[in-house]
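What follows is subunit A paired twice: with subunit B in the first complex and subunit C in the second.
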Partner chain A sequence: MNETSEKKYSLEIFPKEIEELKNTIKTASTKIMEEYIERMRKTWPDRPEEMQYFDEIAKFWGTREKEIVEAREEGKKVIGYTCMFAPIELILAAGAIPVRVSSGLYDPVKLGNRVVPVEVCPVVRSTIGVKMVGLSPYLELSDALITSLTCDGMTKLSEILSDYKPVWTLCPPRLKDSEQSISFWKEELKAVKEKIEKLTGTKITSSKLKSAIERLHRATRAFRRLQDLRKGNPVIMGRDAMLVNQTLMWDDVERWTQKTEKLCDELERRAQGKVWACPLKTPRVMIAGTPIIWPDNWKLPNLVEEANPQGVIVADELCSGDRFLYDPVGVDEWTMEDMFNAVADRYLLPSTCPCFTSEDGNEDRVNWIKARVEERRVDGVVYHVYRGCMLYAMEYMRIKKVLDKINVPVYYLDTDYTREDVGQIKTRVEAFLEMLKSRVEF
Partner chain B sequence: MLLEIISELLKLTIFAGLALAGILAILIWKKNLTTKVTYLRTFVQVVAMIAFFYIFSYTTWLLLILVVIFAISIVLGRFFCGWLCPFGLYLDLVAVIRKTLNTRYWSLPEKLNRSLHILRYLLLVFFIVLPFMLGPIEAWQWSLAKFLMGPFKPISVLLGPVEPLIIPWESPLKLYGLSFSYPYASIITFYSGENFALINTFIFMALTLASSFVVRRFWCRFCPTGASLAIVNRFRVFKWIPFLRLSKVEEKCTKCGICKRVCPVQVTDVYEQKGGDITTSMCMLCLRCVEMCPYEDCLKLSMAGKTLFKSRNWLEPSKIT
Partner chain C sequence: MIVAGLDMGVQNVKVAIIKDGEPISYGLVPSGFEPEKAAEQAFKQALEKAEIAFSDIEHVAVTGVGVELAPRVDSKLSIISADAKAAVYLYPSVRTVIDVGAEESRVINCSEKGTVLDFTLNERCAAGAGAFLEAMARALEMKIEDMGMLSLKAAGTVSISATCVIFGESDVVSLIHKQEPKHEIARAIYDALAERITSMVHRVGLKPDVVLVGGVAKDVGFAAALKRKLETEIIIPKNPEFAGALGAALYALENAGGKLK
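On to the complex of A and B.
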């Protein structure tokens, strides 16, 4: 959008105030990132060296930012996305850099509150705040944004962001399993594909798309390898695995793949040598619910893995975690059309986002959770919800009933983008872990 | 005579050897797990086709062959269609040509696909039951009865798809001393009379090849032989008979839709059914869905309770160093 076009939502802030706010939040957040990485090291004293790479990428204002700036100067385009419905294959095929821009920073929420009421989901408020002061390098560097109209918050967020950047919306149908839905979804993707081609000036040919799909296959392979390593006795702490998963959101896909494979090699060696990341009787926890985004959102994972008694996160059901790259694109015949259909299917059909509904009550999500609980031998589930996140909150009872049936305790944790409730949550999480521990030992 | 047989034998052996070497080369070159079963299947199909040639040259007792095929189908269901039928192989090869030309197939609307499947049974009834019903009534007077018991007698119709390309008997189409044929060609020849036999066969060939060029395994969607093999899978009462079963674990299926998209005969049950036994009469057990399903142990082929082959994370083998 150009400067002269009318701003629909955003407020004018004095440049000086912007600069000040940006600097204070940046300093505070940098410190927090470093502190959290330090705390992860402390919990897991023999944390593999391979993790250092991910620590480096995890620092927002650092190596990766510089790389993207340089790539941009060479003429590469950056395409941001708010949600995992964005077709990364298409972005990569056009030679652009995909970055996820939904925010996990706490402080900008206060700024977002000036634009939207506090009842709104904090991810949305924080992303608005981040944009107001130009805080996130990835959001700032994006040439365009792909937003998904999943929940109410995301829908309006895409309008608000369109004050600043070209925004391309993707509207996932609320029902997945009908012919109309699938053809509608394909049309949506086709439109986005054309926009990507226009922005980058690159035609997405079948050989380019094939190579992008194969690159992501390799990434998915590494991703799943890491998640599969969490099936057995704990060789990696949950937070570290989550950090690896998250860095993929803005890292270079191929390098990330290599580094993750390396990490997995090391973890496999450890598993063979029976070197575990924590005692074997540590309760195995799964986090379900609203996405947890680096860095400030590490609140809950921190609490679980630093608690007394300690827990270890062996699985999650977050679109920013285990689900992010779990499903590969399954191409039958490598023609343009079939590849495109395969990409479209991959983003819509296996998604377990609660924005979908079906006759059987979003059975896909239930099945995903049940499968993870079984394969990762989960002792208890923390159902994590932000205030204002309707869809996840409303589906809690559905999930709880299922988990009750298979006798897996679940604990509902609602929180916000704030540090004030840490103490209070801590007691509750510890009580839950205490209970799990007694069950494990029993 | 003897010399001829030997020369044919030699030709076939060379052909089979070349095919085998080619497939092995592809297998080694392509370490991709998602096509392994497909290659194996093609290999088995080629071997089966050659076997049919030999069977035809040793016995003219077609009924025996048919009985054997039925016996196989009772134990294995429509495994025959996916792995042994020569006509199926030709149709698959047409698809290979289409793929190399980078053309995408058309999908039939689901309803049409299902009605074609019903048509298959109607054809079967038409060819098998009608002659027996008409026969006793009016003996050989009825021209329809004559027609059905004559060239279109059930045995030849049902054995139509297994006619190999090179046949040990006389045919209108000869090249370099070899007799060529095509599925159903002997029936068509029988029926068409001298002058039109070749033309009719060519028309039939053109139609079947063209239709399967645009729609995967088009003929197989209404083939009456397929129906006779499918019957044991069709009705619940017979469910206990075929030992080969396809099953799905509900929790492991993410409904990713891959199985539905890759199925050459557009079976939707694998995708839509919740879990448990998902063998259907439309499915020809080609296992494409099982090899493409990306989740461990989600889809499974089992025989008499033993797992023969199951889906797995096919991203696994491509180790990058």
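On to the complex of A and C.
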């Protein structure tokens, strides 16, 4: 539960090594973040000024970290979470700050390798590594963590993290369309709600919950507005939209909403003036599969949008992207019971995580992808999978067969938290884009 | 009109020259440490055979991993597109192209026009490509050229798995220790590689006719193993290692506005 009690998993590292690793990785990653933002600017020379806000928030060890440190000094609690099953509304209602803590940093993976085998998904290995040296500001600042027992990796990660922090697990049922599942899930959320209340010393009243739901409704509206703008001719490059989506994971929700609305205003003006972010014949790409997490793991988005021929990412199916805030909480009546049930439903029923199964073979996920392919006029899908990510890897054939039927090419791309394979992936991505381009032109 | 295709491969640099709408000569030089110089040498070879000068070439299209190192680039295309173009040019009925190179192997579905419809590449490790055979031949202490012929004598009594070059090697060593006949081990090596390629073929779909290109296509042991696994006829062109360069040359011809004969 805390740093002094007996550790179940974690290994000892000498303080000197911790300091050294922390500094090296922090310096390297800071440089990489700056480089990536610069590259985004280069690809899209008339990138709107409104993006600068998101560039700033995207910087780890920066403005947002300071704000959270200050809020914490004033007595606010910070609740970290690993998956999008964590009920943000409940965290906000209790006056706490939600932050997503799954790591997108490459270098800490080698530390994670000391604790778990290299076959384990790199998000898990990196998150372990990041914790071992205290690298992630958001993970370090968290007073407690909500983990989701979705895949094997996340399940065991949750045990490992409990060596360092209070961990509250949420167990989503594998089947979501049954009475037992829904009532089980509600019990899970109820337990977490009580823990949030205890940690913050704040009772989640109906007016507090209503206010939190409304704040997230506004955020969802802004989020959807941004994604809807990606349906037509490209007014925003994919990487920039993805960056906006990612910053929501640690930014102040209300300010993020305002800034996103402002960005959308500008993008709408551009659409009216027919100012496009890239040539209209640029192949329109969707990224499906394992979550892509800022900052280091911008590898695939970079390759797609900097390739020759260039592609533009108009949609993704990532829980760290398009799916994150897509679904609003649907409240009928603003009673405590109704609101709580609506929150529980929102996190379970629309989720298209491959951790679920059903008689029709996770049809919800298939339909979600098909709907995005149609509305965003997707020319081709890159199916992104990390080594060790079993659920996404195993569902590939299911998705490919569906996409084959509607004549949308899909490319399976397996990668890892490493910079070594950039060359190989480039060959693959460029060949895929070349193929899409010949179809677009045809 | 004279145009050229340049394939900057991992192991070899290859050049194909098209004159008056017809391929007339080829050049091949190991990439070595200076692929740029190798490319110049490969051009020299091909140009000498065709008795033309470098300055006579109107357009050079480049493909392969080392595109950045090419001495002249008028246009570039991926090796996937190049393979498909070359295959359909050589055999118009081809719809599946299998290219097994030194460090990369590819399976491509293409249209009757030679455009790419679907493709897949080996996973990031070299166990699915020619480098695997080279490592295994070393373990058997024989030349790779001899391993293919030898494997044809085998009945298929042992097997290994090609999950990775290193594990494959220790698999082979343990078969040697068990005193399994060398020809059986050789066949097991080819079967393992063919198994990897076969699973790639089924991922994109096996559509006849099938052509096998790339340097490894010249290996009789591998071609036989692949035929056994796919249970289909496989066309192997006369110069399979030049498919990429030929495809690039055909692309150069398109870009320069030339016509095929």
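Definition applied: the second predicted complex is superposed on the first by the 439 of 442 C-alpha atoms of A that agree within 3 Å, B and C clash if a C-alpha of one lies under 4 Å from a C-alpha of the other, contacts with A are read in each partner's own complex, and residues count from 1 in each chain.
The definition used in the following text is that a contact is a pair of C-beta atoms (placed from the backbone, for glycine too) under 8 Å apart; a residue touches a chain by one contact, two chains touch by 3 or more.
This is a predicted model, so every value here is computed, not measured.
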Task: Three-chain arrangement built on subunit A, subunit B and subunit C clash or fit - done: fit
TODO: Scan A:K110 for contacts with subunit B and subunit C and give back first, second, both or neither.
DONE: neither
TODO: Name the contact category of A:E430: first (subunit B only), second (subunit C only), both, or neither.
DONE: second
TODO: Kindly classify A:P350 by the partners it touches after superposition: subunit B alone (first), subunit C alone (second), both, or neither?
DONE: first
TODO: Identify the partner contact of A:K59: answer first if only subunit B is touched, second if only subunit C is, both if each is, neither if none is.
DONE: neither
TODO: Please work out whether A:R41 is in contact with subunit B alone, subunit C alone, both, or neither, and reply first, second, both or neither.
DONE: neither
Task: Chain touching more of subunit A, residue-wise (subunit B, subunit C) - done: B
Open item on the list: With both complexes overlaid on chain A, does A:K210 touch subunit B (first), subunit C (second), both or neither?
Closed with: neither
Open item on the list: With subunit A as the corner point, what is the angle to subunit B and subunit C based on their C-alpha centres after superposing, as a multiple of 10 degrees?
Closed with: 120
- [ ] Kindly classify A:K76 by the partners it touches after superposition: subunit B alone (first), subunit C alone (second), both, or neither?
- [x] neither
TODO: Give one of first, second, both or neither to describe whether A:G330 is in contact with subunit B, with subunit C, with both, or with none.
DONE: first
Open item on the list: For the superposed arrangement, tell me the lowest C-alpha distance between subunit B and subunit C in Å.
Closed with: 25
TODO: Jot down the residues of subunit A that show up as touching in both complexes, subunit B in one and subunit C in the other.
DONE: none
Task: Contact set on subunit A toward subunit B in their complex - done: 176-177, 206, 217-218, 220-221, 224-225, 228, 257-258, 261, 327-328, 330, 332-335, 337-338, 341-342, 345-346, 349-350, 352, 364, 367-368, 370-371, 374
- [ ] Would you tell me which residues of subunit B are touching subunit A in their complex?
- [x] 34, 99, 102-105, 250-258, 261-262, 292, 294, 313-316, 318, 320
Task: subunit C contact footprint on subunit A (complex, rising order) - done: 308, 409, 411-412, 414-415, 421, 423-424, 427-428, 430-432, 434-435, 438-439, 442
TODO: Provide the residue numbers of subunit C that touch subunit A in the complex, in ascending order.
DONE: 65, 76-81, 104, 115-121, 123-124, 203
